[in-house]
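I'd like to ask some things about the structure below.
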Amino acid sequence: MQSGRIENGFRLTKVGVTSVIKPVQVARPNKVVTLTATFDVFVDLPWDRRGAHLSRNLEAITEIVDETVRNPVYSLEDLAAKICVKLIEKHEYATHGEVWARADYFLEKVTPMGRKGLEAFKLVARANARRAGRIEVRKSIGVEVVGMTACPCAMETIREDNPVYASLKGVPIITHNQRNRTSLVLEEPDGHDIEADDLIEIVEASMSAPTYEVLKRPDEGRLVERAHARPRFVEDVVREVLGRVLDAHKDLPDDVVVKVKSESEESIHKHNAVAERVATLGELRER
Amino acid sequence: MQSGRIENGFRLTKVGVTSVIKPVQVARPNKVVTLTATFDVFVDLPWDRRGAHLSRNLEAITEIVDETVRNPVYSLEDLAAKICVKLIEKHEYATHGEVWARADYFLEKVTPMGRKGLEAFKLVARANARRAGRIEVRKSIGVEVVGMTACPCAMETIREDNPVYASLKGVPIITHNQRNRTSLVLEEPDGHDIEADDLIEIVEASMSAPTYEVLKRPDEGRLVERAHARPRFVEDVVREVLGRVLDAHKDLPDDVVVKVKSESEESIHKHNAVAERVATLGELRER
Amino acid sequence: MQSGRIENGFRLTKVGVTSVIKPVQVARPNKVVTLTATFDVFVDLPWDRRGAHLSRNLEAITEIVDETVRNPVYSLEDLAAKICVKLIEKHEYATHGEVWARADYFLEKVTPMGRKGLEAFKLVARANARRAGRIEVRKSIGVEVVGMTACPCAMETIREDNPVYASLKGVPIITHNQRNRTSLVLEEPDGHDIEADDLIEIVEASMSAPTYEVLKRPDEGRLVERAHARPRFVEDVVREVLGRVLDAHKDLPDDVVVKVKSESEESIHKHNAVAERVATLGELRER
Amino acid sequence: MQSGRIENGFRLTKVGVTSVIKPVQVARPNKVVTLTATFDVFVDLPWDRRGAHLSRNLEAITEIVDETVRNPVYSLEDLAAKICVKLIEKHEYATHGEVWARADYFLEKVTPMGRKGLEAFKLVARANARRAGRIEVRKSIGVEVVGMTACPCAMETIREDNPVYASLKGVPIITHNQRNRTSLVLEEPDGHDIEADDLIEIVEASMSAPTYEVLKRPDEGRLVERAHARPRFVEDVVREVLGRVLDAHKDLPDDVVVKVKSESEESIHKHNAVAERVATLGELRER
């Protein structure tokens, strides 16, 4: 029935399924990790075809995920790219495919006092395929990191207005600080290897401070001092991330797209503060 | 501190605040309704300026919302547009402004058996302003409607495979049906009036059936019959909405952008089915 | 069909509907406010009856809400109580009814520097009815307030460990602070009037500081100073709320149940900190 | 500072942390599976102690989860129980501990036409510990299953009202059907082994039909037929689950608590229908 031809139909940009949950295995340098990934997958649909065979989307996901048990993939974006190619192969009428994969991800981190522990992050991988003679695929890998920002503006206001703190030149004083979520998504051209762990590193280094699960008292003290020594607006966080991406990826071509978004759950407000930049590396390099 | 000049900064596409909740008043033909609206507002930030004054965003929202008590606005998109202009005026360094406003909205509807009642919908308004000599504003109004789809494919499969139903030619038989969410967002050029109530009407008419809060037994029976007499894929729903938008808005110019998305919470799957089209009316008219 | 008798059935504790959204009108001292309320309503079902007539739940909500247009109710909990009585009347087989109503709510507040503005809060009302000869109803009113906590422990650790701050005796120094959500729910016996506005006041006074939408620089400075002058664990917040409830409601009987929960979205962690107490006023008074 | 003594404090029922995410390993009959678990953990706090050492909660989770790498646990509820005992040991002032662990979980299932595939479910484990001389622990294991319900009432109404269907005696006809979420939580006393996989089986068998990720056309047809041959109210689903739990667990003692909740995302309404029962097995057996 889906393959029935219709007249006066409109082309559809995306037809697919969302919120498909699957355990997947990804090979890391020293081990294989199991992630619980959530997939959204789409193809386009020409104007004269009534429907897309949605079950093929599920088959594409399942076949590729099953194959990874024998031939592990090395990243979530490689997995998304393989599914995207399979989508185009299975939907012979489609010219575009799109795959999103999201998962919780864990990395060992070290607190200021040297304590090791696993911290939780989010990965988001995307692949877009285009049938143009052969199938061309573009893929991206992104991370979402929860950290901390301390406000530089309130710190200065208090220093100026309150004589108690006025004498403390060069010493960080009280300000509002809060939970911050910053995401960085970077296109990964063929032949270039972008490591999610490095993106997490870039984001954590650009906040006032990272956050940790287990903090004993001295660790807590050092972390708060560190955050107050590096007060940051969301605007500052986004720009630091952009600068670090340029420095770390001089080899990436100019047409690579990067997106950075930083959101602070303001402790002094009920609403959030946000800053964002979407650009090609070429645009950023022209600065 | 935000107005401090920096070197080697990057331009930021969006800086602003999200999740600001406000009661607003909108004038309707015969009455004034109070909506609980949630706002996200942003401006851009030039490369050489450290920060945007975020409090000005809240002032812009508050001043315009307060003004509506004396001078009512006639739609949520008009309210968003006024806030967007005020944003650009207050952030003298910004060249772009963006405002989103979302709210629950209620309309009286009539069930198949003629019972009247209030049904709940969602409104989403958007305004984008650009400083180019004078301030230019574009605005959109969108609706999200919860209704029902019945699957045409399973109905046919069962008719073909199961002799019990094979003889029932022309009679709708069993199939899976489910809750469906369809959104329609349309740009509203100056001088054109697009009424959210009409967009809701278009979407409801394009589903297998609308849904209702209070259904006594005969109403429930008629509604189920109606849905099964009009089985629809998500692809069908999107295309019907697009067709009805073209018919109803022949006067709108070709560069008006329309976005339609339909998502069915499939009763036979744990995942959802989705179809989407984003296009200008010009592209759709070329069909 | 629902009224069909079954054998060997089990009694059901709750049968009903959730997520019914309605605009409601509540009379306040000087005006009538419109709230967008979300209702969950339930009755119990005896073992020998197959189903509850769910449409009666919607009729109960609709009839009472419509009636408020002519005869305004004075609180969300009064509205919930009326719906709950109507539920029991309509479901002649039920012995228990339960109604929850939730809504965003707005109050004018004044910042440290004297600026007035509307702040957003959440209301949650509950009513339970029991058929025992006549219908007995108990109702509760609750509020959820977003404010700020500053950590007393990190402040002391830093004072002890860091010589730069050691000399600042009596002066608040840097610590982590964050967005905090505290809820207070109190039973309201017949003949007693509990005002949601007062509960909000109690909760705001028990945090390190309230939060505000619009804060110009001096306001922001004073608010941060205020929060650091009153560092609070979530444990402290819950206990302060309990103490203030006892002080403000000496006339309430001992069997009134109170529930307080405070959750801090820790700026130095990815997880939240929570404290909670559920008790009768009698238990608290025995302290 | 937390251990500081206070006067006139109130005892706190729960103090702890929420939303701690960890990868955990659980041994199953033939393999070890990795789950991404989310933990909420609490202890009580006596009236005269200012605060609980929250970092000890994270240490308790981390130490037990790390230990499972060497000594695997056999269920999520065993993991929760071990963490709960560790909590009580670490918080020497606490008399009660509570641990919740939630995770996505996957099981191989077979479609009506015999196709094998992984389906997603949710697990929720809970443990409560009480210090009373030695430490006593009670634990529960629960599952949440997404399946399908078809409404028996609309089917009968249409059969009665519509002559087209009146002749189809004994043949299932059209009705509304929808996605349904049913959860079953059962206490697991020491010495009794309750297998989450069996609870999932019980719930799936009690719905109109289970749901599957990949359904080719004949599978889809058979599944829809199956659901329409077994129309179920949410009330029916809860009672069937209760009956099956009693049958399958004749050996469990009378004081074991069971909770069943079934929620249908009604395709003909914008709101959901819900039924629930909380009871001891003893109460259910008295039926």
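Order of writing sets the labels: A, B, C and D. Residues in every chain begin at 1.
As a convention for this text, a residue touches a chain if its C-beta (ideal position, glycine included) is under 8 Å from a C-beta of that chain, and two chains touch if they have at least 3 such contacts.
Predicted model, so just to flag it, every value in this text is computed and none were measured.
Undergrad: State the pair with the higher C-beta contact count; candidates are B-C and A-B.
TA: If we tally the contacting C-beta pairs, A-B comes out ahead.
Undergrad: Quick one: which chain's Cα centre is the longest way from chain C's?
TA: A
Undergrad: How many angstrom lie between the CA centroids of chain B and chain C, rounded to a whole number?
TA: About 31 Å separates the centre of chain B from that of chain C.
Undergrad: Roughly how many whole angstrom separate the Cα centroids of chain A and chain C?
TA: Here the centre of chain C sits 36 Å away from the centre of chain A.
Undergrad: In angstrom, rounded to a whole number, how far apart do the mean CA points of chain A and chain B lie?
TA: Once rounded, the distance between the two centres reads 27 Å.
Undergrad: Could you pull out the residues of chain D that touch at least 2 other chains?
TA: Residues 20-21, 58, 120, 153, 213, 215, 269-271 of chain D touch two or more partner chains.
Undergrad: Can the chain contact pattern be summarised as a line, a ring, a star, a complete graph, or none of these (other)?
TA: Here the contact pattern is complete, since every chain touches every other one.
Undergrad: Quick check: in the complex, which residue numbers of chain A touch chain C?
TA: 119-120, 146, 148, 153-154, 157-158, 161-162, 164-165, 171-179, 209, 211-213, 215, 217-218, 220-221, 223-225, 227-228, 265-271
Undergrad: Which residues, counting only chain A, touch chain D once they are in their complex?
TA: Interface residues on the chain A side: 20-23, 33-36, 55, 58-59, 62, 104, 106, 117-118, 120, 213-216.
Undergrad: Would you pull the chain A residues touching chain B in the complex into a rising list?
TA: Checking each residue of chain A against chain B gives 1-2, 8-21, 40, 42, 45, 47, 50-52, 54, 58, 152-153, 156, 233-236, 238-239, 242-243, 263, 269-279, 284, 287.
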